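Below is one structure; the comments refer to it alone.
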Amino acid sequence: MDLTRIMVSVLLSGPEIIVILGACVVLMLSLVPRPGQGGLLAGLSLVMIALAAGMSATLGHTPQSGYQGMFVVDGIATYFKLLLYLGTALTVLISGGYLGAENTDKGEYYALLLFALCGAMIMVSGTDLLIIYIGLELQALAIYVLVGFLTTNARSNEAALKYVILGAFSSGLLLFGLSMFYGLTGTTQLSAMALALGTADAGDPLLVLATLFLLVGLLFKVGAVPFHMWLPDIYEGAPSPVTGLMSTVGKVAAFAVVLRLLLHDLSALTPIWHDIVVIAAVLTMAVGSLAALVQTNIKRMLAYSSIAHGGFLLLGLLAGGSDGQASVMFYLLVFTFMNLGLFAVIVLLNQGADRGEPIWDFSGLAKTHPGLALITLIFLLSLAGIPPTGGFFAKFYVLVALVETGQVALAVIAVLFSAVSAWFYLRIIMLMYMDETAHPAQVLVAPAMRVVLAVTLIGTVLTGGLPAMFLDAAQAAARAGLG
Amino acid sequence: MGFPVLSLLILLPAAAALVVPFLRSTQAARWVALIVLLADFLLAVWVLISFDASTAAMQFGEHYAWVPSLGISYRLGVDGISVWFVLLTTLLGWICVLASWTSITTRVAEFMTCLLAMQSLMVGVFCALDMILFYILWEAMLVPMYLMIGIWGGANRVYAAFKFFLYTLAGSLLFLIGILLLYFNAGQTFDMLALMEARYPVNLQIWVFLAFLVAFAVKVPMVPLHTWLPDAHVQAPTAGSIILAGVLLKMGAYGFLRFSLPMLPDAAHYFAPLMIALSAVAIVYGGFLALVQRDIKKLIAYSSVSHMGFITLGLFTFDTMGLSGAVIQMFNHGITTGALFLCVGLIYERTHSREIASYGGLIKAVPLFGILFAGFLLASMAVPGLNGFIGELLVLAAAFGVSSWAGAAGVLGALTGAAYLLGVYRQMLLGPTAAPGDAILWDLNQRELICALPLLMFVVWFGLYPKPFLNILQPSLDHLMIQTTLSVVTP
Amino acid sequence: MPIDYLPVFLMVAAIVALSAFILTLSRLIRPNNPYPEKNRPYECGVDHVGEASAGLFKVQYFVIAILFVVFDVETMFLFPWAVVLRDMGMFGYIEMFVFIVLLLVGFAYAWIKGALEWES
Amino acid sequence: MEYVLSFLPMIVKMAIVIGVLLLLPLPLTWLERKIAAHIQQRPGPMRVGWHGLLQPLADAIKLLTKEDHIPAEADRMLFAIAPVVALVPPFLVFVAIPFGDPIQVFGTTVTLSLADLNVGLLFILAVSGIGVFGTILAGWASNSKYAVLGSLRSIAQMISYEIPMGFSVIGVVMLANSMQLTQIVAAQQGLWNIVVQPIGFFVFFVAGLAEAQRIPFDLPEAEGDLGAGYHTEYSGIRFSLFMLAEYLVLVALAFLNVLLFFGGWLGGPAFLPPVIWLFLKVGFFIWVFMWLRFTFPRYRYDQLMTIGWKVLLPLSLLNILVSGFLML
Amino acid sequence: MIPTLWYLILAATLFVIGAAGVLLRRNVLIVLMSLELMLNSVTINLLAFGHAQQDLRGQIIAIFVIAITAAEVAVALGILVALLRNKHTLEVDELTILKG
């Protein structure tokens, strides 16, 4: 262990270290309760995230490996990390008002957000199954607690408990797969594993079993059918900003791992997982789109919508290649913007005493709050994939990648379900614009919320109007990551 | 590249659409929309005047890179065919504003925004020379239209809006897959002209044709996929109906003409019998359904189905006559049906009834309105001397050249058309004066006349002297013929 | 080597057998005269109410248990580290230093938060 | 046959260990009562045998023949198992404890331990951790409020002190580079660990007292105040098994203190065999434990927890950091 | 030497029992125990493989797995306590505020 290599490793993990330090500082500061403390801690968290983002940006795209090949900073990692910063920063901004309204303005919240962020970052950068697992657990543990953060709210508790049980269950599956891979290849480091698997026989039953376990674990985390059952309950029960976080940051990190594992280092296993993922993707889109049709709780509906989007993302994975990856990456960027934007709106509308989040909260919104309704309209259209919003280009790029690899049938199925899913977004638009009953509550938009809405709106519109620069970033990252 | 006049055409209403929602006064919103759309119309007229009728090439071309990594660009241009649709769109645009001047009283600024956005998108669709640009504009159009129907429509508006949106969306998504298939077979470009030049294997053509077919057939609408149309037409506000009938339906036919025929000639020929059969069914079925309608808007809607059948029939005869007939019919149907919906809207504003039987003797009661309405009804009937005649005649002639059954269906459709339109004519305009309830009828005011007269002018002009129209059209049609026939190669 | 652990198993077996023997022996020679009053749980002579095992206890017990679970596992990292510390040198020391400092952060958090206060 | 014979020394050793350990409590109880008596200036048991020497035997017979009753609402199965579960861990600790360097007997080398495990120290800590199961089962199975509360208190105390206990021996492991107890003893050849690890010893000693639930940390059973803690409902022979286990823990603790910090069998005068020297040291520790019992008052429960978490734990962690730094 | 396969069978058996427990048992505490069983079977797997290949990595991963499991259980119990205070039940079936 010579010193320079250690220093390089430490430098590479600089963003993670910054975030962890930030989390510790926030945690410590949260112990001295003061009026206005929430704002201070949120600000501090944002500063830390910004610092980490700056560090990540300077580390750039050139693949550099540290910690004896267990940790890597490459194009994909940097891109995804920036996405994670974005998602977390927006969540921090959304949270302030929500926590105030729920009377749970505890500083630990921000520390947990940062811990979750750090876990997600480690997942993104890990090139060793163990590291990935540790990152995943760090993220998951923080999110478990965040889901149950409203300690006096039975719904929140229940969701948290369900999430812990199912999350641990899926971790168990993942781990079992990991242990079998370790047994079969003698290593957990991905590059070495790839070498070992290069010569392996894909028909080996043990290998198939190991892949299956790993795959099921990953599909669980991604929320793909038939391992999606946990998602709606937990989305509904969790505090809304946390739901937003889970649906964006959680998804980003999970897909980063899926990309790295399935498309890069374990690509030798493609014959084993390909068909399963095809089925899972189709089912995911089907169940997500169809089940969302009958939901009357907006968060539940968004959970199913998120499942459906997950199916689309799996298609990007199936397309593979640099375009397939770039399409997933771009999709996740757009998804972060539009989904978090919508969650910001939900949090805004959610501040009343009635916390059932029925979709009727939206009725007549256009009459009383035309601006907010318009913004919501754009997010919804983007989620439905209607041009010229970002959501269209996201889906479009996935379709391009699919057709490029000749998987036209999948593309056709995808667009059909996409049309189905437009239905439930339209339903909310209908409520906002065509419902005669006026929206009762006066919605106050705090400055932090304005920032969130502005950023997400601009992001959604820009990724639709001028997608070139975002696409180029994703493609450059995907290509650099391939090297 | 010259002055980016097409971009101006598109962006002028778009820019206004961004401004109008922030206007405090409803009157200001109306005036801004009117002035902008009128300016847009004048711009379109200028484009038409300075159009070079001697060539089939795209004119006023513009080209900027947009998403270079995917080969998507912002590429505009008009030829002899599309320039007319640009004119039609812009003409109907400001008429719509005038038509909704008093009938829309709630959320006026938002309504005007929708109108402006529609205009921008529709002009864009006719000018786009990049497939993805075309697709984006085509899809984006759904949203303002959806809102127009859903917010300002009739009693059953929400259902109609949903139906409209989902039908069209589902259709056009397959269109997107088709585009992608072409994209990868033509060397990764979305340039329409390049895609027309490229040759595709027949097998692929057939699949892509089917994908396109769904999208365009919904929009046209062709028979099995037409059910959204009556709902949408009936529930939409007047302006919405005008735009739907006048422009949106044409887009389906425009799609056949721009993509299916020149890009996929083999598949088009392969499917021609099917298309002709469907068209024939549409003509007859639409006509018969129109016969039994008691709601005037529904009647016009079904007559549209029937008339659009003539257009698709003409397109798939692969005959110069049929093709030009179809294009002429497209334009004229846009004018005539738009005008009919306008008339219905005007009378509805007075009586709030669409029941045909509740009217009578309007020509005596409100003579100006009666004359206009009569004129449009006759034009729709394809009476010689008015604009509907020439197109229908050409299509029928071409149809008999292909199949006597199709021709016979066409004739039957035309006769049915005459029957139900004359029925309306007799019931509503002649006979003893009657109005639903105790509605007070008053004749057209200045604003309403300004709406209707230009349309009447076009009706008469094209009926009597279609030469300038045909002159501009001819080179592009010839080029299209070459593309559709010469490319029939055996793979 | 696994064989090293043979005495462990033998010991367990021996103790269980021995206990069984003693218990049986005692059973054979002791008197046995139970009646309901005698078999009541000890409650200083007062009639007992309710189930003892179903009661709810001071939450502090749970907190302590959870803290224990967390801290006890850290011991597991320290032992192997301690064995090879001399070979790892300063690098290993710094690594563990960071680890322990993070542990102390958590500990300090729990302390200040009042998780260790038994009273009230 | 040859193979089976190779186990013979081990079986013999085990028989000796079990035998000694089973009988050891008898003199120890007598000793404790005598020490208590003399500290309090009274004679203590005098009647049965010379100076009451046979008193423990009489006690044993009494316990063996006493009626054993099980509360009506108890979980009979667990109630019966609990004493055995409590008894096994202290015996297991002795499996890993060495009594000296290997010696030559009849020409063969005999190790003075049942199993000199390479992770001996860890094994001992782990096994002693199992002891709480006996406690919790006893309390739970009794289904009596006193017993349940007693067992909860007992467990909370044991697990609280287990952490500093584990941390406190890290320094010792560091110095020996091994968790093997013979290695640890060997590493103290020149210098006993008590000199270099005074804090470690202090923490270990105190935590050990608490683990063994000796005064001043005997709150779980605090006879005067709390019934008798987790074994309130036990009587007769089952109760005696708990008592046996407690005494064995005490002995094991004395052994560990000596092995880890006081050089084990090393450093004695040449005329004594190392084993005897070890036993002398252990005896001294046992005496210290008994002496403490009758010298110190009992802590309050909150004080107990405070000492464990707020004093010993940080102290032991600091000890690790400092001694690691000094060692390098 | 005990063949590696035996360990694997043991681990697989434990895993299946654990998984079945998670899916079938209704008491939250037992579900948590079953989870623990699943993760412990992984540990056995890792140790067996590590031993078979004379590779320390297996043991290292096992330690990490144990540590993380401990953290997970700590979080789960914490949440459980909070839930118990709101709803006095340990039955999974009674967690029905969130339908699904």
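Going by the order they are written in, the chains are A, B, C, D and E; count residues from 1 in each one.
Going forward, a residue touches a chain if its C-beta (ideal position, glycine included) is under 8 Å from a C-beta of that chain, and two chains touch if they have at least 3 such contacts.
Nothing here was measured: the structure is a model prediction, and the numbers come from that model.
Participant: Considering only chains that satisfy the touch condition with chain C, which of them also satisfy it with chain D?
Facilitator: Common neighbours, chain C/chain D: none found.
Participant: Name, by label, each chain that touches both members of the pair chain A and chain B.
Facilitator: none
Participant: Return the chain label for which the distance between chain Cα mean and whole-protein Cα mean is smallest.
Facilitator: Minimum centroid-to-centroid distance belongs to A.
Participant: Quick one: which pair of chains has the most contacts?
Facilitator: C-D
Participant: Can you tell me which chain lies farthest from chain D, using the average of the Cα atoms as each chain's centre?
Facilitator: Relative to chain D, the chain whose C-alpha centre sits farthest away is B.
Participant: Round to the nearest whole Å and give the separation of the Cα centres of chain A and chain E.
Facilitator: 26
Participant: From the mean C-alpha coordinate of chain C to that of chain E, what's the distance rounded to whole Å?
Facilitator: Chain centres of chain C and chain E, defined by C-alpha means, are spaced 19 Å apart.
Participant: Averaged over CA atoms, how far is the centre of chain B from the centre of chain D? Could you give it in whole Å?
Facilitator: 95
Participant: Using CA atom averages as chain centres, what separation in Å is found between chain B and chain C?
Facilitator: Averaging C-alpha atoms per chain gives centres 81 Å apart.
Participant: Could you say which residues in chain C touch two or more other chains, in rising order?
Facilitator: Expected reply: 65, 72.
Participant: Which chains touch, pair by pair?
Facilitator: Pairwise, the chains that meet the contact rule are A-B, A-C, A-E, C-D, C-E.
Participant: Which of the residues in chain E come into contact with chain A in the complex?
Facilitator: On the chain E side, the touching residues are 4, 8, 11, 15, 18-19, 22, 28, 31-32, 35, 38-39, 41-42, 45-46, 48-50, 52-53, 55, 57-58, 60-61, 64-65, 68, 71-72, 75-76, 78-80, 82-83, 86-87, 95, 97-100.
Participant: Within their complex, state which residues of chain D touch chain C.
Facilitator: It comes out as residues 7, 10-11, 14, 18, 22, 64-74, 80, 83-84, 87-88, 91-92, 94-95, 114-118, 121-122, 125, 140, 142-149, 152, 155-156, 159-160, 162-163, 166-167, 170-171, 173-174, 177-179, 227, 232-233, 236-238, 241, 301-302, 305-306, 309-310, 313-314, 317, 320-321, 324-325, 327-328.
Participant: Over in the complex, which chain E residues touch chain C? Could you list them?
Facilitator: By the definition above, chain E touches chain C via 2, 63, 66-67, 70-71, 73-74, 77-78, 81, 84.
Participant: Using the touch definition from the top, list the residues of chain C that touch chain A in their complex.
Facilitator: My answer: residues 91, 102, 105, 108-109, 112-113.
Participant: Please give the residue numbers of chain B that touch chain A in the complex, ascending.
Facilitator: 21, 65-70, 110, 132, 135-137, 139-140, 142-143, 146-147, 150-151, 157-158, 161-162, 165-166, 169-170, 173-174, 176-177, 180-181, 183-184, 207
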